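In what follows, structures are represented as structure tokens.
You will see chain A twice below: alongside chain B first, and alongside chain C after that.
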Partner chain A sequence: MDCQLDIFFLEAVLNGLLLAGLLALLALGLNLIFGVIDVVWICYAELVMIGMYGIYYAHKGGVPLLLAALFGILLVALAGAVLHQVVIRPVLDSAPINQLLVTGGVLFFLQAAATMAFGVDFRNLGIRFGSITLADMSFSYSRIITFGVALAAMLVLWLFLSRTYVGIAIRAIAQDRQIMPLMGVDQRRIYLITSAIGGGLAGLAAALMVLQYDIYPQIGLQFGPLIFMICVLGGLGSLIGGFVAAFIISEFIAIGGSCFATEWGYAIAFLFFMVVIFIRPQGLFGGRS
Partner chain B sequence: MRVSRTALIGLPILIALPLIVHLLFGGSEKYYLHLLIQILIWSFIYTGWSLMGRFGLTSLGHGAFTGIGAYATVLLWNYAGLTPWLGVPVAMVIAVVVALLVGYPCFHMRITGHYFALLTLALTEFIRLCIVGLRDYTGGSLGTQPRRYGDGVSLYAMQFEPDRVLSYYIVLTLWLVGLYIWWRVDRSMDRFALDAASQDEEAAASVGINVTREKLKVTAISAAMCALGGAIYGQYQMYIGPDTIAGLSVSLNIVFACIAGGLWVMLGPTVGAVFTQVLSEVLRVSMQSSVTLQALFGSAVLALDTLIYGLLLILFIIYMPKGILGALLEKREKTSSAPTPPSRAVLR
Partner chain C sequence: MHRVIAKLSLSAFAGLLLGGAAIAQDFKIGNIYDQTGPFAAGGSKAASIGAKIAIDMINERGGVEGHKIIAINADAQSKVDVAINEAERLLNEQKVDLIMGVYSSAQCVPLAAKVDAAKKFFWVNVCVSSAVFKNKNLQYVFRANIHSDQYGEASCSFINEWAKSKFGKDPKDLKIAIIYEDGPYGVGVAQANEARCKEFGMQIVHKESYSATASDLSAMVSKLRRAQPDIILHTGYNPDITLFLRQAKEAGLKFQALIGHGAGYSQIDKLYETFKDDVNYLLDVDPVPAQLLDAKKLAPGLGDLTAEMVKRYKAETGANEVPPHTSMGFNQTWIFLTDVLPRAIKKYGGYDPEALRKAALDTDIPIGGTIQGYGVKFFPPGTPMAGQNERSIAVVMQFVDGKTKVVWPSAISTAEPIVPLPKGHAYAK
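Coming up: the complex of A and B.
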């Protein structure tokens, strides 16, 4: 309950930074999908959950961890593409809020499906990488790995979006969805690719999360609201904004959690979020559409 | 005057319903009354939400208001000894204040659509986290109970749960009040202003509608109704938990039931409540009695109703965005030869 500027405080700050990497990665996929397709997948965290189960069972079935992670990424990428094709495409022209709610239906569906298929037990891979100790502070290796991979993934995505033909087409669609089809870009194909990439990012996040967190059907409810908050705070569709917002939010959680109880860290973060949005509705880095 | 004719037939039936239930299901009337009470309480809450939802203000924050209603009432009773007769109004005032605190900046800054939904979602999470965080008083995620006052029914403590028939008439009255409020809003000038604002805010503002004030009015009414519904739910269930009466899943349930029933008609939210409650009960009962399903999934079979629920919601939003009742009424209007009135429900 004490909150002094000591070594534990520094530890909390640094752990917050490590958490920011994961949250930024989670927000990245959602942001990409929103920026390009203009749809919010409220079930995004549930896709991560599916990926975590996929990796868990693949690894338990004898697949090496790295291959299992790759399988998880592909699985969720496929899930993203299917989600777009089956659920999102029919409502692309209806009210934005219907698009948000339809993925809410997917949220219920996936959560219940996972409960039925895998039960309500908490599962984990049981892999412990140990932790590094620095001047009385300890950081688990899995968090450091997560942070590094998340940063690398963001860099790769950025290179993809700025250097490749498809990447440039994706950004062009995000800027003007009326003109681009006239320029010979197949909008439907771009949407599908974007959904798969967004799913793949969720899969990557899942691969990193199985190292740190227990898997259970409701895990999406723990992370989902946090991810939306980060996306909106950074400015929906802004990739850099998402990163900065992830940093801010995770520091609130880490410091609040070390000074008070965990819930209060989250509660303060949500309060901060609401206040910022009242002042800057478009988010920290968002352009107003 | 379709509504009044429905009311003339429907109301006596609803009033006689406990008797009918008693005659038809003598042995298990408590269960059926419980189901009816649940439907009516949620109908009231859904109706309260639909006051905002029909004008494009898709709030995911109403789980916060039901939570405030339930928790403020129970905590005031348990720790301050304040009778719910005062506690409920206090809870409603708190909910309205919170709604205005969040609503004013939202409407003033013209936050709509995704942003509004996600911002109100944050409100729900914030309130849920506060409830869990104050676990010394609220019991945290395990929930808490209003302290019993005497053994049975108590007017002073507003505890009526042991007498199911009485409970039924209480919530029936509540539900009728909800419909009356809906009707009053529907008939008011504010409705036209809000309709205009939901189609084009700038245009509505330019013809002199104070959009922010109109939205705040309907938000306050809606939040107060949900707080009242939440409080009554707590008094009836004699148990409140952050997942049953507050939080994201409550918010989503509210929105979905309204959409399933039909947002733009008076009885739409009620139809949504009947549909969702009966669906989950039928599924739950049939699954508990089905040996095959039990053998296949064990206790996880209980998730099957959520699975089907989620699936139906996806289908509803894609294929029947006006909801069950909305679609039925539309069909009837089309088949009748009467000149069709201008469509009231304009889907954007």
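Coming up: the complex of A and C.
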């Protein structure tokens, strides 16, 4: 153990916070979809990958970065809606394991399709925003931007869900899927809108990730298990739970990595996850079903 | 009656001839590389293309002793279990005569033990972990390529050689950090790094492993900033190498030199695409890409062979740089098809695993006898590294303005190293 409580330790802790913003954003979309539609999109990180490729090719094709990012968000929002209509809707009444397997199939399909379409090379926009130095600590602007945008996205989503008719309908459906259609809420439309919003959030995450990570067909493997663990830890479907869990896991990774070794940070995070699930199988903020 | 007997005899003779021709059946190689997944772009695909070029060229020359070489290709998908399953399928269903290839050491270590236990033949082309052979006494597995201990030794020997004249310090005053992916490849190189650098008296100020698929390496970068190493020794694949270089720059990590050890560091055109001049002057240990050697120092004809390999690789991929992995795939395949296989057929009467094993153990190619400069002679059974080439050589290369130069060992170097990093460089101290 090499836990020195100095400026570099503090730097690692703050970098963990910045990473948490991205993970929380990724968990947000997955949780929203599960909370409303009650289906886990195992292929969620692969939608992010599609968004990253979309942004990459748009930008390389001459589209300014911000417009390319907007294109990526819309692309993945559309992909989310199509995924719901084509794949999820037919299995809405099937057993959860079948729904899981179907989205698992989409995961492998998207990975293989991306490999065929884009090749195996690691791609990168080559954009660097530099970093800011504070008291001998250094933080990249791309991470700070990611953190800020992720927090803003969560705030906007919360306002949308609490202040708009569609948002309130989404929350209502999430609370009672049987009664709300009887009260005039178009369940199909709400599911479609939720899928598009969930996809859009994946697209937003993609727009932020192209600033920090290489793009390749298997990038979903780098984040998919982590996002899923965060969602389960926070309580599947709980937006607040996913948000809190993202910060907990990120700090385990950062502090564990700082005091021990990077791979130990992940091991400790997963160990904590297992302990919590033993004690609270529904997750930290999940309601008992 | 005599005519009938004569006709029958002629028919029998003709049948014998035709039968004899039928005996010269195709020689089937089960080629396992990663065509998909992160290892594909890390060099596995480049190696598979090198191997394919060698097989094509041999077939264009009429095959080996009349046998056409057929490659049955399998995609390991950058996964250990897939590599093992594919090897079993190739051996048991496709009935290939041997397994060849394999990029990742994580695949190679279990696969070598499994194939050897089944008494089948495995000719290793790329993976470098010393653990494949060390104290295993494998009988049917051979590797002409270098092994991970040599990577570790090469980087530390290079530092030791240039410590005073370039870094301006005695080796014992140099601070070294070792970071590595946590698979057999990274662990093997890092162990050798630590042992060799300590032998020279250098200070190991930080040593840390991580998963190649880690989504964040910033905590490790912070610790490196705390340790303030002069030189970083890094062993990784992709995407971890690019993630590290990116986060290191953003965090303001400074050092005098960074020495990578193959894999992602050998894909210089890809690194340059991402980092531009930030990868200028970085160093890399690997078997030498054949095109960087002075052909006059090699056996006659090898220069032309290399030129043909480079020409075909560029035509197939459109790439400007030919990575070391292409040479590895080509060279090992070429050595097997031009040296081991003909001897197995002629001297040992065929190419079953026993004949191939005996023929491999007879291999005796002097230094300068292959396109990558090294000779080939395998450690015999009963020795700690049985099956490993005892004449393999690792080199240290440096990327200078988009070109790769050999900077160590001095006997075959093509340029003097530019260390420490010049002032103004993104990572310069």
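In this text, the second predicted complex is superposed on the first by the 285 of 289 C-alpha atoms of A that agree within 3 Å, B and C clash if a C-alpha of one lies under 4 Å from a C-alpha of the other, contacts with A are read in each partner's own complex, and residues count from 1 in each chain.
Here is the rule we use: a contact is a pair of C-beta atoms (placed from the backbone, for glycine too) under 8 Å apart; a residue touches a chain by one contact, two chains touch by 3 or more.
In this text, all values refer to a predicted model and were calculated from it rather than measured experimentally.
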With everything superposed onto chain A, say whether chain B and chain C fit together or clash. clash
Considering only touches as defined above, state whether A:G126 meets chain B (first), chain C (second), both or neither. second
Chain B versus chain C as contact partner of A:L236, first or second or both or neither: first
With the two complexes superposed on chain A, say which partner A:V40 touches: chain B (first), chain C (second), both, or neither. first
Who does A:T115 touch here: chain B (first), chain C (second), both, or neither? both
Let me test your reading of the model: by the given contact rule, A:A68 touches which partner, first (chain B), second (chain C), both or neither? neither
A:S138 in the overlay: touching chain B, chain C, both, or neither? Say first, second, both or neither. second
Quick check on the superposed pair: does A:L221 touch chain B, chain C, both, or neither? Answer first, second, both or neither. both
A:G105 in the overlay: touching chain B, chain C, both, or neither? Say first, second, both or neither. first
In the overlaid three-chain picture, which partner chain does A:Y266 touch, first (chain B) or second (chain C), both, or neither? both
Candidates 74-82, 218-226, 236-244 or 272-280 of chain C: the single one with C-alpha clashes against chain B: 74-82
Interface residues of chain A shared by chain B and chain C, listed 112, 115, 119-120, 217, 221, 261, 263, 266
Can you name the residues of chain C that touch chain A in the complex? 35-38, 40-41, 45, 78, 182, 208-211, 213-220, 222-223, 225-226, 238-239, 242-243, 246-247, 249-252, 270, 273-274, 276
State the interface residues of chain B toward chain A in the complex, per the touch definition above. 56, 58, 102, 105-106, 109-111, 113-115, 117-119, 121-123, 125-126, 129-130, 132-133, 248-249, 252, 255-256, 259, 297-298, 300-301, 303-307, 309-314, 316-318, 321, 347-348
Interface residues, chain A side, partner chain B - complex: 34, 40, 87, 90-91, 94-98, 100-102, 104-113, 115-117, 119-120, 217, 221, 224-225, 228-229, 231-232, 236, 261, 263-264, 266-267, 270-271, 273-274, 277-278, 281
State the interface residues of chain A toward chain C in the complex, per the touch definition above. 2, 4, 6, 8-9, 11-12, 15-16, 19, 112, 115, 119-122, 124, 126, 128, 130-131, 133, 138-140, 142-143, 212-214, 216-219, 221-223, 226, 253-255, 257-258, 261-263, 265-266
